[in-house]
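The two complexes that follow have subunit A in common; it is paired with subunit B in the first and with subunit C in the second.
Now for the complex of A and B:
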């Protein structure tokens, strides 16, 4: 074994060795890429494929292999680009373009090797990708008193996840408003309603599921 | 491109890997997924470093995933460990081509120590455990190239292009030699891997052609100078370029579990 002191490089030797320039380049690249590495949730909610774990664990378990995207028969699952920060390469769904069609055999979850999508999920109706929410009541045709209800009729959990609740139209005095109401315990978050909304900008969108309510006292 | 037998064999395998990655785009399912995790004709394969990151970041341990990662590690151990780098990884192929360009235009010869990648491997694992994010999988150029081929997401190739520019102008083969944590992983696994480059000391004329061809020549020289029977370093990518250029046939492949 050589003497230990020869292994330790002096500062002058290090500076002269030419290692500084590549190290500086690596440091520069690292610093430039830090803004891209911002936490994924800073970019807003991403609609994950069915069976996904909660977002924090999902990001920890996803190896960005893309097998779920390749397994989807509708090509609804896309791989995120660099603008999604730390979610780069992870799978997500854009409901307004191609929503999840709720395949009963869940080929996407079966394809995931690392457990980011739960392979053990067998009932598609137990999925909770998100919750549909009417975000623009003033532009929802049904709420304005017209008979739209397209989201209600396209919903795969027909008359379970979205129901129509009738009430008196106070403005006209002689009509009924048939308002679509989303039930968060039934809505799977597939986004078919968002895709089917007839307005130019969807008034019903899938967003992150609201937290469960707790009773203020336990029985 | 080298046109020796070894060069043709190795480049063929590298191109075959890229073709397999892109086969789903052509409607064929010979291969699904990427080099991080995939199915080769139905056989599940998993990158061992990706599996480690998933375990550290999320605590989720799917038995099939862990088993296929362990199987891949064993397979590469038997086949020379960093053989993944030299024969499979598409980033190695791209940086090789970049290096040929660098030699043509005669630019940067700066290098970083080889052990830096083992240090970056440790840093990756620590950062993964601390942030809950599989750190290397997120930024990996291997993943960027695999997804660019399999999904056409070309934007990630810009980062790879930037890296190639740095390698051509500044620091020779710096990613594969000194920065890649997966290369660091396979280097550690490959310390005792049996498939090696064997050395016949009597035939050697010390012409230095092998050290010129080798991307990690620091590991080649000490073994040859000491007259060892084979290249024992885990850093050797088993690219066999040294065997291809040796005029005296003093280098060959050897398979032995003893050192």
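Now for the complex of A and C:
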């Protein structure tokens, strides 16, 4: 399939967009257009390698050496191109193409010289790269009652990060809807589910982790 | 108006809901109206023995969509993802479209005339030189009923050889011999309604969650609606089925024999059997023991059944104490007691379900007998919601292979070549001299390919199956096919496979809705479909190929049909009266399948049961009327525990088990060409228990080498637990054409059924 995430503008698109002329002038003085600069911060989520600091600090710490990408045995880590603005040269993962396989030794984090990836991380299940979210329930075959649940079966934290919640299929009256449910506190955000999804566009995608909220308050 | 795919599917889901609610055809018409020029037709799914109904949408001569058929009672509009992608299955880029003839190392395109001339010449030559038993056809539980019938008629009634075998010998043969020795008739007494109506379900060595997905969905819904429902999973490996079951009971491979006898032992000990039922409906028998493993070529076995008394049967069960069985199987005594209690519980409607764990077993016939024993002892059989239900793997292993009888020893409708009356009936219906039909079976599947290896068979025609990926001890048979010296292998298929690569001639075939067809699923439901699209290029359907060979061999007179499919079906139907009655062909074209026996316009849900089976008279209650020899009673067999053919030892300390995953079907020739299914599950891996892995320093994703006495294979290790091998076991799926795990498997088989044991052999596991 080879589709890149929506917020990458291909080179051809960029050149054809007619924005070249004014932008060329801007670039010529070494400044980059405001919308691109804010790409990552504006919720254009980038899936960072395991052990990454929070995005703001990450961008400050990452020296764009590419050692993490070299260390990855699956070539899952890519280096961001110019369309990523301030993220240019930083490592990220396109889960739909090649997700993080959660190597127990975390070779990527171990290779990072600047601490942008936490070298001290020793338990791969403790990473929080993001959270998988079913973004299109109507196109999820499992939720429709078909037997899919590929994301669930492929999840490396089987029965922990994704579990199956079974409920009665009202339409047929005699079958079960086996809905994959992501557990935010266990999901590491590797993206294996996103890669596995059998729909043309993955209906389960890794996004920025929602805030972990408490049910008690400090007054 | 052009509806895009999303809108169409949304509309059809809503329409399907409406159809279900109103019970009318409105749903389908609404979709038709929405789509304008898409023409819809019904067909059973191309894949497993569940037999889900699908609707196939055709536009401009191409399949543009498939979806679950909301009106199909089996699945009510649902599919698994294999069925969901049916519209892609026939459209792989490398579809075979022209006949190919081997010339040296190359496969060269040829015309049909050239190919069929060559094939006919090879057949004639070999028959003249070596006799009719030097040629053979190896077909399939994916053959349509018409194809299987035509092949059987040509080979047995024309050429005059019993050298016809289906790949179903490798999956359901033990179920068949289990049925035949217990009930004198093949095929279950129950149906899928039992999944809705029972409250206790024992799954034996069957990963139903992945291998019968829609049936499992139905079973789980029963439990959602009725909290009383218990699902107990007996397995040698923890699966997604185990995860959803109420209880997972692990046992050492092969000890299912002991467990079932152990359960019977407790039922007898505690007198929880149904004395009245046993008196009226059962007899007791014993057979030979120490019956061997079929490892030697031309291994022969004939059982010697002897009647015994109930008392003698009780004596036979004495050694199978809970303590003995626990020691052998690893199942705790308390669990064995609990299971036996549940089986005998008079307030519970108990069902047993099984597939390959029981059938692909060197004592497969015995273990099928033993599970029936428990149901017969307790009288929990032939009642709605209470049956032993043998699940089938292929879409028409039942409908074609077993019912049409495309086996070396068989004729249609339970009949056998060894019986002169059966031969006479076949000769009459086929219009051939009865002397033509040979009375001696020749080779079952494994022996057939051994014969090819030895050169006793020279010409083999393989249709709709992939033996050179699926046979056990694969190396021997792959090499055997290419030994030359007059050997000639023809393979009819739709894609290049590990079998076409050893062929001398490859014939491009039509598949599924590219031809008119008929399949029979696991609940005796025959389902018909019409041809909806043309096959690609010069591909032709297997039925045409068989009849074409027949004509060129001088047996065209056996196939004087105009509307071939319908006339073949009506001819075949003549065999099926008296308990296997099929409906007229017309009826199947309209219905979403019909379950036989079909008598006086009514299908049968429960065989042998009064009020449901028209052959059971009023007042009889239950009658196993097909077993005339034992007065309409079923047989409770004294079958002992005997060890596997090859158990782990010092040199090869692990058990190797093989099987399937939900995403792929069989040897993956179809599902492997659907990009989405490959994306979901790409390559076969080796399941290993995490503790075993740790001991060997093997990590998730690391490489392991499996070696048996017959072959070795390097695989990626999977410790994530989707299927979790028990300690001392490994599991590998067989769908991957790049990972021929069957090279390691042992070609030991059940001496009664001939079915190989794909679940148990010994391997060593090494870190690479």
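Points to keep in mind about this one:
Definition applied: the second predicted complex is superposed on the first by the 176 of 219 C-alpha atoms of A that agree within 3 Å, B and C clash if a C-alpha of one lies under 4 Å from a C-alpha of the other, contacts with A are read in each partner's own complex, and residues count from 1 in each chain.
Simple rule for what comes next: a contact is a pair of C-beta atoms (placed from the backbone, for glycine too) under 8 Å apart; a residue touches a chain by one contact, two chains touch by 3 or more.
Everything quoted here is computed from the prediction, not taken from an experiment.
Contact with subunit C, but none with subunit B, is seen for A:146 once the two complexes are overlaid on the shared chain. Look at A:56: by the touch rule set out above, it reaches subunit B but stays clear of subunit C. By the touch criterion defined above, A:107 lies against neither subunit B nor subunit C after alignment on the C-alpha atoms of chain A. Of all the residues in subunit B, the ones that touch subunit A in their complex are 24, 32-34, 36-39, 44, 46-47, 50-51, 53-54, 57-62, 64-65, 68, 109-113, 132-134, 137-139, 143-144, 147, 150-151, 153, 155-156, 159, 162-163, 166, 170-171, 174, 179.
Every residue of subunit A that touches subunit C in the complex is listed here, in rising order: 1, 101-104, 138-139, 141, 144-148, 150, 153-156, 158-159, 164, 166-169, 171-176, 178, 195-199. Residues of subunit C that touch subunit A in their complex: 6, 10, 13, 16-17, 20, 68, 75-81, 84-85, 196, 213-214, 216-218, 220-222, 224-225, 240, 243-244, 662-663, 675-677, 679-681, 699-701, 720-722.
Residues 18-19, 21-23, 25-26, 29, 33, 37, 53, 56-67, 69-71, 79, 81-82, 86, 88-89, 111, 113-116, 119 of subunit A are the ones that touch subunit B when the two sit in their complex.
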